[in-house]
Amino acid sequence: MKVAVLTGGGDCPGLNAVIRAIVRRASEHGFEMMGLRDGWKGLLDDNHFRLTRETTSGILHRGGTILGTSRVNPFKVENGLERVKRAIERNGIHAVIAIGGEGTLSAATRMSQEGLRIVGVPKTIDNDLNGTDFTFGFDTAVHIATEAVDRLHSTAESHKRVIVCEVMGRHVGWIATYAGIAGGADVILVPEIPADLEAVAQHLVRRNAGGRTFSIVVVAEGTRIKLSADQNEQLVTTGALDEAGRPRLGGVGNIVAAEIERRTGFETRVSVLGHIQRGGAPTAHDRVLATRFGVHACDMVARGEFGMMAALRGNDIVSEHLAEATRELKRVPKEFFEVAQVFFG
Amino acid sequence: MKVAVLTGGGDCPGLNAVIRAIVRRASEHGFEMMGLRDGWKGLLDDNHFRLTRETTSGILHRGGTILGTSRVNPFKVENGLERVKRAIERNGIHAVIAIGGEGTLSAATRMSQEGLRIVGVPKTIDNDLNGTDFTFGFDTAVHIATEAVDRLHSTAESHKRVIVCEVMGRHVGWIATYAGIAGGADVILVPEIPADLEAVAQHLVRRNAGGRTFSIVVVAEGTRIKLSADQNEQLVTTGALDEAGRPRLGGVGNIVAAEIERRTGFETRVSVLGHIQRGGAPTAHDRVLATRFGVHACDMVARGEFGMMAALRGNDIVSEHLAEATRELKRVPKEFFEVAQVFFG
Amino acid sequence: MKVAVLTGGGDCPGLNAVIRAIVRRASEHGFEMMGLRDGWKGLLDDNHFRLTRETTSGILHRGGTILGTSRVNPFKVENGLERVKRAIERNGIHAVIAIGGEGTLSAATRMSQEGLRIVGVPKTIDNDLNGTDFTFGFDTAVHIATEAVDRLHSTAESHKRVIVCEVMGRHVGWIATYAGIAGGADVILVPEIPADLEAVAQHLVRRNAGGRTFSIVVVAEGTRIKLSADQNEQLVTTGALDEAGRPRLGGVGNIVAAEIERRTGFETRVSVLGHIQRGGAPTAHDRVLATRFGVHACDMVARGEFGMMAALRGNDIVSEHLAEATRELKRVPKEFFEVAQVFFG
Amino acid sequence: MKVAVLTGGGDCPGLNAVIRAIVRRASEHGFEMMGLRDGWKGLLDDNHFRLTRETTSGILHRGGTILGTSRVNPFKVENGLERVKRAIERNGIHAVIAIGGEGTLSAATRMSQEGLRIVGVPKTIDNDLNGTDFTFGFDTAVHIATEAVDRLHSTAESHKRVIVCEVMGRHVGWIATYAGIAGGADVILVPEIPADLEAVAQHLVRRNAGGRTFSIVVVAEGTRIKLSADQNEQLVTTGALDEAGRPRLGGVGNIVAAEIERRTGFETRVSVLGHIQRGGAPTAHDRVLATRFGVHACDMVARGEFGMMAALRGNDIVSEHLAEATRELKRVPKEFFEVAQVFFG
C-alpha cells in the first residue's frame, strides 16, 4: 500500500521529525512511503521520491523539511483537483498525509470532501489552529523569542530604555503572550485586543515614576492599534495606520516604539525577531510532539480515519475532524491576560 | 490577610517563577506575603521574611529558590504538628501555600486533614505526580537531557560506540522517554518495565549487522534489571543487583553499559547526567506553567479552595484535591512505548 | 586608597564580569572601590556608591552593567574637565578605571594627558579597538549571530530562498566575518569592502544553476554599496543610497535583499538581528577575558601604569597605551576574506 | 595531485569543519582529496573514499567526524610504516594531512622524519598541545562545562550544599580553569598543582562561617591529591589513592566530594560531566578556528611546508614544526591561578 506525504506552507521546526516518525511507523504497517516535493505542487507536477528509513535518518533534530514546501493550492490552479486525482490514481497512492497549517489543511478538508483519502497533521508556530491543544513548532518559537527578551532585558535595564520586541503572530497572540510571560515583559500587545497606546504610555510613565527606569514591550506582528483615543486617530490621518488600526508601512513594532517615545519622552528601541523564530532545531518538547503526531497519522491511515487529523488533547494524541482545525482561529483565552497583568487594550 | 509560602524537597527549575507570580497576584488580592525559609522547617523554627514585589524582582528566570528548601517533615519531628499550628497562630497566618513534590504534598495533605488551610503547587522534574498533566521543571530536565543525548550521538557515531546515558527518574521513566524520543535513542529503559539486557544486546547486535555501528541507550536511574534470563540472574549472585533487580552499588547506567559490552563486545561508554538536570534557568515552557500555577494558587487562597492544589488539565489550570496528587504515581502510558519502539522489557 | 570605576557607551556582555573582578582584586590590594553611575556622568554629577564583594556577588554571568552607562563626554560638557577634576579631588579618588569603547577611551586618553590617573579596559562587541587582539563581548555577539544564521539556513533551504541577515558592525566587519564563516554563509558583505551587488547577484545565479537553490547572505550594518556598476548608481539617483553608498533610510540589509530579488528574481527575505547581539549573558570565553581584564586593570592601578589599558596579546594580558586603542580602527585582515571565499567587493 | 586527510584520537567538536575547509580550499589548488577512514587505520587497510564539495556539504556545524577515527598507531603495528608507505605509493598520494592530538601528531612527526610528506592540524579539547595558542574543541568543551557549573550553582545555593563538578583534563587543567573562572567556582583543582584537600576543607569552612552556605568545586579529572597532610596519607593506606595521589577506583571527583563531606560535615554532591564535553556542535569560535586551520593546512601542502602543522599565534594562523607540538605539554600558566584566586595546592 502506497502512502504519500507532503509538507505545505511556512517553515516550522519539527517538520522533519514528523516525516521521520511517519516513515518509521509505516514500515511496521507495511506501507510504502512516497515523499511529495514542495507541498501539493508535488502532486500537480508528479514530483516525488521514495522515503525509507535510510533517507530519513539523522533528520529528527534538523529544521526545515526534506520534502520542500510551497503555498500552491490545487483549488486555485486550473484543473487542480482533476490533476491531483489523476496523479493519485496514476501513482497508485492509497492515501495522502498532509502536514500543514490553515492553508494546507483547508485544501485537505475540501479534497477529503471530494472523496480523497486524506489524513492531516496540524502545523503552525502561531498555535492558532483549532481542534488541538498545541501544535509543534510553537514551543520552539516561544523558546527563541524568550531568549531574545531575556537578552533585551539587560540592555534595557543598563541603558534605562524602553525596548519593543516584535514577535510573530499574524492573527493571534500566543507567541507574544508566552514569550511575554516567560520573559517578564511589562506590556504585551496581541491581535486579540486592539492596543491602547495611550494606556501603554501612561503605564510606562507610572513605572518610571516608581523607579523602574526601563521596560520591555512584547508585541505580536498582527496587533492593531485602538483608534478611540484622539492621538491614535492621527496615525490614520497621517497614513501610518489604515482604518482598522493596521500599520501601512513597516511592522507594528516600529509604530509602537515611535509612539511610546513620542508620548513618554523615554528613549525607545525596537527589535524585530522575524524568521529566526521559525527555523532551526526544534526543542525537545516539539520533537516529541511531532514524533507522536507522525506515528498517530500513520495509524490513522491504517485504521481508515480519513478526513481527520492528529491532535493533542491534554497529554493524549487523538483524531479530530479536519474541518474542525480551520473552523475558527484558536485565540488566547482571557485567563492569560489576567495571569500576565500586562495587557493594554 | 497574611499568607505564607514555602518550597520543599529537591531543586526544580521554576520555583522562583512560582514565588514571584504568587507575590504579584497577592498584591492584587491585598494579601501580605510571608516567605518561610527551608520548607516546613521555616514554620517549625519561625524563620521567615516578608515577600514583596521588590524582593521578588528579577527572579523569574533564575534557578533554585530564594526561600531555600529542606526535606524536613513536621510529622516526623517531635510535636511537629503542634509546633506548626502554634507558629501559624502566633504569626497570624491565614493560609499556607506549599510548593513541593510527593513528600511536601503528603505532609500538606495531612495538615489539611488536621484543619489547616493549605493550598498546594505540584513540583517535580520527574513528572510523576498524579492529578496534573504536567509539572514545571520537567520540560527543563528533558531539554537538558536531550541536549546531552544530541552531543553523545556524534561521538557514538564517529567512534562506533554504544553510549549509555543515565538520566533522572527514580520511580518513573518520563524524562528517559521524552529525552529518548527527542534524542532519537535506540534503546530506552524505564522503571515501568524491568530491563531485559539480553534483548537489548541482541537488538544492538542486529543494528550493527545492519550497518549501524553505533547506538544510544537512555536509561532512567530507577530502572530495574529483569531477572528471568540466566545471565541476568548472575548479576544477583555476584552481588551487582539485589533480588528486585536494583543495582547494589553505583548507578544502573554503569551496569547496563558493562553488560552491553560483555554481551556484544562493542566498545561502550556511560554518561551519568546527575544534578545538572535539576538546576539553572527554566525553559520558557516551565516559566509560563510555573507563573500560571502561582497565580492560580493565590486565587485558590482567595476563593478558599483549601486542601487542593493547582493542576494543569489540557491547557487549563484547574484546582485538584491534594490527596489525588499523591494517591499513586503517574506512570508513562503504553502509547509512548509504541511511539518510541525502542523499549526493551 | 580609593579607586573609582565606570562603564560607558553601548551595552556589551561581560561588563559585570569586569566590575566583579576589579572589586575582588581590589580587596587584595586594599583599595576601596567606588562605582560611578552612568559613565563619566557619575563623576560630573557626583553620583556613586560603594562597591564591595557583597554588592558584586552573583553578577558574573549577568548581562548589562550594575553601574549603568551613558554616552556623556566630559569634554563636550561645559566646564566638564574642571568638574571631573573637582569631583576626583573632593572624593579623594586616587585613580579611575574606565571601561568603554572608542568614545569612553578617547575621553580617558585626553584626561590622562591632562594629568589624571586613568586606567582603561577596552570594550566593544564590534572588536574594532586597536591595541588588543580581542575585546570581551565580541565572542557573545558572534555566538548569537551564528545561532541566528544556523536557524535561517534551514528555512532558506526548505523554501528555496535567499535570506539576508544583517548583523552589527558600523565600521568594521568582524561580527559579519566570524558569523558568516561559522554559519557557512554564501556571501559576506563588510564595511571594509564596498559591496558589488551585481557580482553578488551573479554569484547567487551561478549557485542556483548548480542546484543550490538557496543562499545565506550576511551583511554588516555599516556596509556601503559599490557604485561603479550602472545599476548601483541608480540607487543613488533614486535616493536609496547617498553618494558614499550608504543607505539613506532603513538598514543596508533591506537594500541588499531588495536588490538581490530584483536582479535575480529569487524570493529573498531579510532578518535584522539588532540589539539581541549586545545583551544578555556573556559566553564562557567572554567571562574569562572580562575577568582577566578586570584583574589586570586593578594591578595596573597598583603598579601605577596610568594612561594605559588592559589588552590581550596571544593568550597573555598586557598593558597597552590608551592612545593606541583609538589611534585607528582594527579592520578585518585580508586573510579572512581568503578563508571565507565569499566576500564580494 | 592527490592529497589524503585523516582524523585520529578522541572526539572533538570542529573536526568536520576542518575537513570541509580543506576540501573547499583543495578545489582552488586543484588537489584531489581522499578521505582515509578511521585515522591511520585507513592507510593500513587501504580504506578511503573521495571527498568533494558535495560529500562535505552541510557538515560545518556537525559534531564528530565523517572520516571516523581510531587510536591505531602505525608504529605499533607490525610492518606499520612499511604498509603506510606502500599505501601512499600505490594510491599516488602526494601528501597526508593528519588532524589529531598528541598520539596522532607524534606518529605524524615520526613519519615526517621518515621522509613522508605530512602536514598536521592540532586537535584537542584539553588545549594541552604546545606550539599553538589554542586548539579547536577547547572553547566548546569550556562552553558546555560552564553551562553545567551555572546550573549546579543554583542548586548548591538553594540547598546549602557543596557541589563538586569533575571536568575533562587528564594532564592539564585548562578546561577546569576556564570553566571555573567563567562559572565563578569557589575552588579549582588542576593536574598542575597537587590538591591540598585539608586547605580546601578549611577554605569552605571559612566561607560557611562568613555566611556563604554553599560552594562550587571544579576539579579536572587528572588532578592528584597532595599527600603531605596526614589525613591525605590515609587515602593511600586505605587504597583510595595510589602513591602518586591518583585515585585507584572511580574518578577524582568522587574522592574530593567524599573527603570534603568528611572533613567539613557539609552535604556534598558530585557531578561528572564526561563525554558530553567532547561531542556535538562546535561553538562559533571553534568553527572559525577549525575552518582557518583547514584552509591553512591545505595551503601548507601547496607551499610544501611538510613536517609542520597549522597553529594559532595571537589572531594569526602560522606554520609550526610538528615536533614542537608534542615536545612538552602546554600547562596553565600561573597568571590564571592568580586571576581565579581559588586554587588550592
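Every chain is named by a letter (A, B, C and D) in the order it is written, and numbering of its residues begins at 1.
To be clear about the criterion, a contact is a pair of C-beta atoms (placed from the backbone, for glycine too) under 8 Å apart; a residue touches a chain by one contact, two chains touch by 3 or more.
All values reported here derive from a predicted model rather than from experimental measurement.
*Asks:* Taking touch as defined above, what minimum step count separates chain A and chain D?
*Replies:* 2
*Asks:* If you average the Cα atoms of chain C and of chain D to get two centres, how far apart are those centres in Å?
*Replies:* Computed value for the inter-centroid distance: 30 Å.
*Asks:* Nearest whole angstrom, what separates the Cα centre of chain B from the Cα centre of chain C?
*Replies:* The computed centroid separation for chain B versus chain C comes out at 42 Å.
*Asks:* Send over the residues of chain D in touch with two or more other chains.
*Replies:* 150
*Asks:* Once you've mapped the touching chain pairs, tell me: line, ring, star, complete or other?
*Replies:* Shape = ring; chains linked end to end, path closes on itself.
*Asks:* Per the touch rule above, enumerate the chain pairs that touch, sorted by label.
*Replies:* A-B, A-C, B-D, C-D
*Asks:* Under the touch definition given earlier, write down the residues of chain A that touch chain C in their complex.
*Replies:* Residues of chain A touching chain C: 10-11, 15, 62-65, 68-69, 144, 147-148, 150-155, 157-160, 163, 269-276, 278-280.
*Asks:* Which bits of chain B are touching chain A when the two form their complex?
*Replies:* So the residues of chain B touching chain A come out as 21, 24, 28, 60-61, 133-134, 139, 142-143, 145-146, 150, 178-179, 181-184, 283-285, 287-288, 291-292, 295, 313-317, 335, 338-339, 341.
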